[in-house]
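Across the two complexes that follow, chain A remains constant while its partner is chain B and subsequently chain C.
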Partner chain A sequence: MEAESEFKEYYAKNMRGISGWFKVRAYTIERWLYAAHRITGILIVLFILAHFYSTGWHPGLWWDALLGVIVTFHTANGIRLILAELGFAVGKPLLIKKPSQRPVSIEGVQRYVVVFALVLFIVLAAIWAYYAIIVQPMMG
Partner chain B sequence: MASEEAKEYVLPPEVLEETMRASEELWKPVRKIKFRIYKYNPKKDYAPHWEEHELEVSRGMTVLDALLIIKGEMDHSLGVRYSCRMGLCGSCAMMINGKQMLACQTRVLEAAGNGDVVELRPLDNFPVERDLAADFTSFFEKHKSVKPWIIRNDDIELNNPTGPYKQTVDEYARYYQFTDCIKCGACLSACPTAATDYEYLGPQALAQAYRYMVDTRDDGLDVRIPIVDTEHGCWRCHFAASCSDVCPRGVDPAQGIQLLKRLLIKRKFGYKPHKPAEALPAKVKAEKKE
Partner chain C sequence: MRESTIMFFHYITAILIAITGLIHLLANNEPVIGAVIKANPVLYFGNMAVFLAALLYHAFNGVRVILIEMVPDRCWTKWISWAVLIVGIVTYAVGLQVLMVALGFA
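After this line comes the complex of A and B, so read on.
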């Protein structure tokens, strides 16, 4: 009986739960970045726990490069978020709107900031991968 | 004389014919579209189910038009909330093919795209009232909790006004965009943070808080800061910007929340955006009349 009422409550509340973080279809690119930021954040916390247990432990050659992808994405997107939260690159409120006005905060300067964050991510991830895959094995 | 002037404005017959033809074409059935509609009554049903109806749609037909035809001719028990039919009341927001939209402002063919199915669900992250209607109680409570009204300390002026409060166009432009909110709930429904945090104030309430905090007539900045500067307040927003993406009125709540964060940070350093505006002296009014 209790299971039944819980079942009913689930449909009556209609909350998406964690699946809501990853419902990216039909929205703008910021939604993808949000989902990726969440995943990379959780993975970094998991790595840090292992890192606390043994600071000398590293996942290994290719996994190290993957760790780089996770960390550099979180960094690059984090810079974009800090800029936005300080009120930069989100535009000014409008006094005059077009009939079907698209938001200034995502279609204005923010577009360039997104591209900048993605380019920064690729550059940092490439440098990290170079060190993890080529330089570190040479150092022994 | 008047009749001669009026004659000038009569449309030439060929233009009139063209207009009539265009209008007929707009309402001529062009395609058969299948509507998948979410049916659920929390008081009766054990679980929701889907019902399908096929309808001949025209180019000008909105989703709400189609729903009213379905309700009138096919399924009288369909629960749908609507009022103005022109995107002003914010009653008919629903999930149309997985995205929050106003049923009255979305054309069926536009929503269907190349496919021939239109899927209709009640708004995500809102309790279901019945079928396509969502329960907005908590949404309105969140809106109310940010004190969306002018707060002032001069009670005498407020209760016995001597004139309107002074405000320039630039000061008006700071908050005008956010006053267009129709409280349709699309933004809170689209917010990924609201999907897991039930107490999160949401884009609508936070944008409204910002709207009143930067209004020069208002003096309630420090009253509202403890409300929005909390765990479930503006710091929960991580700028997924879906609220602005789905807003049918171009309110851009994501921008409002980021500017609110900036305002809160500045306030920590002692900055205050404005002094409360003074009332224009009644004399000016009297002089202008003369």
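After this line comes the complex of A and C, so read on.
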């Protein structure tokens, strides 16, 4: 019991800080998505600050396509997070019987939601890149 | 406000950003649909007003969450929350002003 409270206290202090985002070894893909969600979020904030400061500024051509990758990833993964927050596609709670057993919330239907989010990300990023690289230069 | 309420609005604004952000992108990058949106300045301005509000809430709350997670301290949480709120409101006011000048409303 004492070990548990020490454990909780250690994590409440968040000693790992930002490096804790990247402690993804031996974790599931959701952990990677979490780290990527944070990084893309920060990058989008940096972009919108520049976009506000010099109104309408955007990096241009290939960089616009890269911006699209960042934004569409955040969007697609965000849809997955909203679904999970609202309790969709999480799966029924299950008693964990052995340490190696992974929670049902990342084993069952959540697998398909991850795949859906990644496919959606690729499709949206492709559409964005098409507009950034082909349509936007034609508009002048 | 309770942390769960703040996060609830975080998700609501996420959905709003997806809708209004799409309109914002179409208006500036899609030749046909963009012309229709830009022909209606009230729609364009209304969309931008909602988009800006939702985007600022979502972005500043995201930054706030990261900052208060870095330093788990009650006093720091309170100060950073107020600072983010004030900076957010000021940014929205300036942003609306810029928009209204650009679109000829002021």
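We take it that the second predicted complex is superposed on the first by the 119 of 140 C-alpha atoms of A that agree within 3 Å, B and C clash if a C-alpha of one lies under 4 Å from a C-alpha of the other, contacts with A are read in each partner's own complex, and residues count from 1 in each chain.
Please note the rule applied: contacts are C-beta pairs under 8 Å (C-beta built on N, C-alpha and C of every residue); 3 or more make two chains touch, one makes a residue touch a chain.
The structure displayed is predicted, hence computed values, not measured ones.
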Which superposed partner A:Val104 touches (first chain B, second chain C, both, neither): first
Which of chain B and chain C A:Pro93 touches, first, second, both or neither: first
Chain B versus chain C as contact partner of A:Ala12, first or second or both or neither: both
Comparing the two partners chain B and chain C, which touches a greater set of residues in chain A: B
Touching partner for A:Gln136 - first (chain B), second (chain C), both, neither: second
Chain B versus chain C as contact partner of A:Ala3, first or second or both or neither: neither
Which superposed partner A:Ile82 touches (first chain B, second chain C, both, neither): second
Which of chain B and chain C A:Phe52 touches, first, second, both or neither: second
Chain B and chain C footprints on chain A, overlapping residues: 12-14, 17-18, 85
Complex contact set, residues of chain A against chain C: 12-14, 17-18, 38, 41-42, 44-45, 48, 52, 55, 75, 78-79, 82, 85, 131-132, 135-136, 139
Residues of chain C that touch chain A when the two form their complex: 11, 14-15, 18, 25, 29-31, 55, 59, 62-63, 66, 69-72, 91, 95, 98, 102
Residues of chain B that touch chain A when the two form their complex: 40, 42, 46-48, 97-99, 122-128, 134, 169, 172-178, 180, 190, 192, 194-196, 198, 238-242, 244-247, 250, 252, 254-256, 258-259, 261-263, 265
Complex contacts: residues of chain A adjacent to chain B: 4, 7-8, 11-21, 23, 25-28, 30-31, 33-35, 37, 81, 84-87, 90-95, 97-98, 100-106, 110
